[in-house]
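One chain, subunit A, links the two complexes that follow: it is found with subunit B in the first and with subunit C in the second.
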Partner chain A sequence: MKRTRKTATAALAGMLTMAAGSALAQEPLKIGVPTALTGTYADLGNQAKRAIEFAAQQANAAGGIAGHKVEVEYLDTEAKPDLARRQAEKLALQGNKVLIGAVASGEALAIAPLLARWDALYVATINKSDKMTGDSCTARMFRVNNADSSDAATATPWLKERKETEWAVMAADIAWGRDVAASFAKSTESQGKKVVSENFSPLGTNDFATYIQKIKNAGAKGVYVALAGRDAVNFATQAKQYGLLDSATVAGVSFVTDNTVASIGEAAKGISGIINYSSTLDTPANKEFVAAWEKYYPGTTPSNFEGDTYVGMQVIFQAVKATGSVKAADLAKAIPGRSYDTILGNVLLRKEDNQLVRPNYFGIVEQNGGKLRPVIKMSVPAEIATVAPSPACKL
Partner chain B sequence: MLIHVLNGLVYGGLLYLVAVGLVLIFGLRQVVNFAHGSLFMLGAYVAYATIAIAGFWIGLLAAAIVLALLGLLLDRTVFRQLQDQDPIVTVLVTFGLLLVLEDFVRTVWGRDNLTVAVPQLLQGTVDIAGASFPIYRLFVIAAAAVIGAGLTIWLKTSRVGLYVRAFAADPVTTGMQGVDTERVSASVVAVGAGLAGLSGAIASPLLALSPAMGGSILIESFIVVVVGGFGSFSGAFVAALVIGQLQNFGIVFVPSIASMVPFLLMMAILIYRPEGLAGKAS
Partner chain C sequence: MTSLPEKLIGAAAPRPLDAQRSKLPLLLALVVAVGGCVFPFVVTSTLTLSLLTQALIGAMLATGVGFLVRQNGMVSFGHALFYGLGGYILGVLVSRGIVPIELALILAIVVPTVLAFVLGLVITRIPGVAFGMLTLACAQAFYELALKVRGLANGDDGLAVTFPARIFGVPVSLLQDPHSMFVICWVVLMIALGSLWLLMRSHYGLLTFAIKANEERARFIGYETLVPRAAIYAISALLAATAGVLATFYNAFISPDMLHWTLSGSALIMAIIGGTKAVWGPALGAVVFFFIKEIAGDATEHWPAVIGGILIVVTVFVPIGLSGLLVRVFSGRRA
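So, the complex of A and B:
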């Protein structure tokens, strides 16, 4: 009797160890998302969240990534750099060392220098500042979306076609807005055009009336806008009321996106802009993605930021598959210099500056498929749209 | 130049309607209501929902009434219990209330930015001094002026207004004179909350609706209240106009520090004239 109990105990202990062992082999891929869930950029952060949730459930439904279950934690950063650093640290220290999805460039730049200390990595899917792949680049940070330099390279040929010579810039007073304004000023100058009014509004500005009036008074025939989220909607709505949208050519970056156009409504019609990703992209992988998305989020199509964030998840997943590891240190080594099958097609994440080499697009807001949305009118191939790595980045 | 002044009046007018509610609630309940911005935000959302069904003007009315009723409820359940508490307690509780209301709106209407169309009657622009100015913005200035004047007349001439002013000056003595302070306070908090809701509704065709919209207007309204002198109605009026113009002309003349200008004014007031523009030194 005593012996049977002993045997049973031993057997049970053995079974428990084995269970623990198999759980270890199936160590989950723990993803941390420090992003703007409230505030002016909540709209963008929420798009990142939707895409990550979608990618995670898709992976888990297929039995995980190489057997690793995908787990995701979200923390709100309000798009503030100092808060993003604290939240990213919290996520990393809780074991969510694969970070993705912050909105403002300032957030990514605040996180980047600390990634090695946390033994974490960060995949940028919305942050655009050139500094991230320039003098602030690190071996632990990767970018899958188009950088500011890519948007500038895409806007320049469009600008060349335009007859308007006097331009105004309306940009958010953050790293990204300043970046866009600087490169737009360079483009206009090189083409013999002129920026007659340059305006920077604080994040979360309610009333743009004074800026709009200044732009009108300066006699600008065109307006280039770098505002996103709630700022973009406020500016567009008020510019329409002042007649600016009708009297001047208006274009922008992250200004008329799938989501802001849905908010702005009719007033957005005819506004041009950079389109980094569109659900109408004609690749088999993208069609499959859009169909699955429409099933998971009925009544919606993936927006630009949702598509780009999904690309980020594809890169992470494929790196996990290639290495069989979910450790940030292993992944950070494996991600650069590799080609990925994404919804954009097969694209390389180059190792010189950890930037994904991808095309970029320009378009206009018009009726398409029964819906007002940004529609692609011009494609810029990857080798032109992703400008050569900055010599300032030494990896 | 005239156009810039008008622009300043629009935003100043909105700020005044929010700030005067803060002053009313502070005067009667001695509570600094951090949730006031979310009442503004909720007003805009109530208007959004009502306008879709019943049109713009009913939307304005609905926002004012719903928020006034919410004000009554909040006074009964929150502000009355808080009036004798430590200020830090009232700040924490009302700030918590703000988070609750924001989450409520996020749950009901989602996180996307929403917009409200300008009513048919007020669409388009008029030419003023050679520049075009949206008619709706003229309406906002007029509405703020009418509401402000109505409020002043009510406070100066009605019996309740007399009680309110007496109460703001000395609650204990006013109570000893046989004034039913609870009823007066409840109705005044309702008016303050209703005004916040109404200004949110009036602002809805100008500003994108998002749960965050209350936060930014609250900060600016607090600056108005501090600059005007805490608890002063006329001070809030003057300060709202001053801040509206300062923001405006800051952007025109000193764009790089424009967002700091109102804060600089507030600091100067706190240092050199802590009783506020209209306050009397005690």
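So, the complex of A and C:
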């Protein structure tokens, strides 16, 4: 019975093709976005959503990608791995097999082993854990943003110049935060500095007072922070109240970003941090992107996560153009080992670990263009910023 | 057997024998039980089947919570403890390769049940809200443990479990394909409901009813009342652990969310929506809950508000729950 139905559908599809010509027969490119639309990381998830919406409308306004209309479905994961897994399954089984845009690394790690079962693929644009391109890498997961190892390689030269020797780490108690803490400990040790206080807070912590007190008691002169979204805002605000921001040098990853700085306000001034993408990047493609963005979302410039997620969409679109297919299986084969024209310039997605080879930046929060924002002070070229593929990844 | 407990129950308490005396409901139950197994051959959408499978696992958990309310009159806010514990024991033991998968499966069901019995000997003595708070506290303690001890199963990130190819000679892939897993969950749920129904009609079931109605009287006429209470608590934990094990097989993933109080709360809401007077009420409530959540979740991020609204409507206007309503409509027609 199943077979008869399939034959009937095929026959019907054939007739339709003949009747309507090839233009109408193009299958849409169906993209599924399982991301945090509520909860601690809601701000990040909504940035991903804005970038995907922007990219999709831009593509559709230009007549689709090689004639394929772009359709996007979003489902909320609350940044919980368990829920991300269920929502990604739902999206994939509904036919949205090109997945993109989850926030927490745990989400990506939960989704990855099931991609083959769903015949789907996943493009990471925010998830940073090294495991994703390490021992948990799969042929159907790709990363276009900077991994933790890249952020560590970027922070190390900065750390070298700092004279503070006692450091504290304040990180989210998830795969990403643990990664950052481990690589930061390695960097400090190699430079004869040391970590005197290591703190991990559960996702969605409201009260950081005990952690801040611990950091102060340990006599840390510098604090390295791996908190994002609402956690970052809560910590920064309370660190200011307890005088930690004044008594210690503070820097971090995903901590002071375009969006959190807007929420934290004046207290963010002078905090250093990794900048994976900035709308001020001086490439022709980026200038064009920023101009189009400002037109579509008046009064805003693309944030770091918005820029990175847009890169992910560019990679998917160019893979569709190259293969002429919107099937996840075809795309998963086509994406690695190819160079892409992105807002970061022409970059390679290497096939050894499915990681985009891209530069990384370091900067500080200061007044720029009339508003407080992270401003790039140091650039690290792609070949240094994207460390060699991990031997643990076997593709 | 006309036993003492039956006399003790009194007119106001539930009278299972009266409601079930006719052969018709039994026949209906058989038709439903067999009918469910045919479902995967009728439904072609893998997505619907996957959702239904997850709903059945939720139904198993809700049945445990509802059974405790029904037989003991106790409201648990912490049944996720046994659900999550079952999942974690199976997941961690299998991932580490500490014991064969078959033994891991048995431990995952037995350990939470025994724990519940021992715990029950202490906490079922405590009435009302205090009991609820204690169950909540126990569950949250394990949640914090799973969250903080990253060496156990990656803390908040959870652990993807890699199962060996076979368990008791059966391919594990059968437990991960929604077509076959639906049937497995359905059969397990039907066996559970059938057993509970038999238990409820037994002398022991009636005794627990009697204890629920008036513990002092039951003790006065010579019944030991603590062990039956703890036993019911253990049985409801057994159901929750089974649900946790099924969920772990199906998702091949464990995370602290399996132990979180929101899951316990959801299970309780399922039981309330379905009604706890009938053994199958909470299971029905779970399926309804699941589909409302899916439909409302597609429409809005604020789906919990929809569930909340329905919960209010049910508690105010249909305190007997959906199952109570169905039974009333059904028996009304027959009369």
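Basically, the second predicted complex is superposed on the first by the 371 of 395 C-alpha atoms of A that agree within 3 Å, B and C clash if a C-alpha of one lies under 4 Å from a C-alpha of the other, contacts with A are read in each partner's own complex, and residues count from 1 in each chain.
Just so we're on the same page, a residue touches a chain if its C-beta (ideal position, glycine included) is under 8 Å from a C-beta of that chain, and two chains touch if they have at least 3 such contacts.
It should be emphasised that the depicted structure is a prediction, and the values quoted were computed from it without experimental measurement.
Asks: Evaluate whether subunit B and subunit C can sit on subunit A together after superposition, giving fit or clash.
Replies: Subunit B and subunit C clash in the superposed model.
Asks: Based on the superposed arrangement, let me know which partner A:T188 touches: subunit B (first), subunit C (second), both, or neither?
Replies: Touch status of A:T188: no partner.
Asks: Kindly classify A:R86 by the partners it touches after superposition: subunit B alone (first), subunit C alone (second), both, or neither?
Replies: Only subunit C; A:R86 stays clear of subunit B.
Asks: Using the superposition on chain A described above, determine whether A:D76 touches subunit B (first), subunit C (second), both, or neither.
Replies: A:D76 contacts subunit C only, not subunit B.
Asks: A:A175 contacts which: subunit B (first), subunit C (second), both, neither?
Replies: second
Asks: Quick check for you: in the superposed arrangement, does A:N199 touch first (subunit B), second (subunit C), both or neither?
Replies: Only subunit B is touched by A:N199; subunit C is not.
Asks: Have a look at where A:S272 lands relative to subunit B and subunit C in the superposition and call it first, second, both or neither.
Replies: It touches nothing on subunit B or subunit C.
Asks: Please indicate which partner A:S263 is in contact with in the superposed arrangement: first for subunit B, second for subunit C, both, or neither.
Replies: first
Asks: Identify the partner contact of A:N46: answer first if only subunit B is touched, second if only subunit C is, both if each is, neither if none is.
Replies: In the superposition, A:N46 touches subunit B alone.
Asks: After lining up the shared chain so the two structures overlap, which partner does A:N234 touch, if you call subunit B first and subunit C second: first, second, both or neither?
Replies: first
Asks: So which subunit C segment collides with subunit B once the two are superposed: 131-139, 167-175 or 203-211?
Replies: 131-139
Asks: Identify the residues of subunit A that lie in both the subunit B contact region and the subunit C contact region.
Replies: 37-38, 173, 202
Asks: Quick check on the complex: what are the subunit A residues that touch subunit C?
Replies: Answer in residue numbers: 2, 37-38, 75-76, 80-83, 85-86, 89-90, 93-94, 104-106, 109-110, 112-114, 117, 173-175, 178, 202-203.
Asks: What residues on subunit A touch subunit B, complex-wise?
Replies: Residues 37-40, 42-43, 46, 173, 199-200, 202, 204, 206-207, 209-211, 213-214, 216-217, 229-230, 233-234, 237-238, 241-243, 259-260, 262-265 of subunit A touch subunit B in their complex.
Asks: Considering only the defined contacts, which subunit C positions touch subunit A in the complex?
Replies: 44-47, 50-51, 54, 147-148, 150, 154-158, 160, 176, 251-253, 255, 257-258, 297-298, 301
Asks: Going by the contact rule set out above, which residues of subunit B touch subunit A in the complex?
Replies: So the residues of subunit B touching subunit A come out as 3-4, 7, 10-11, 102, 111-115, 117-118, 125, 131-134, 136-137, 205-208, 210-213, 215-217, 247-248, 251-252, 255, 259.
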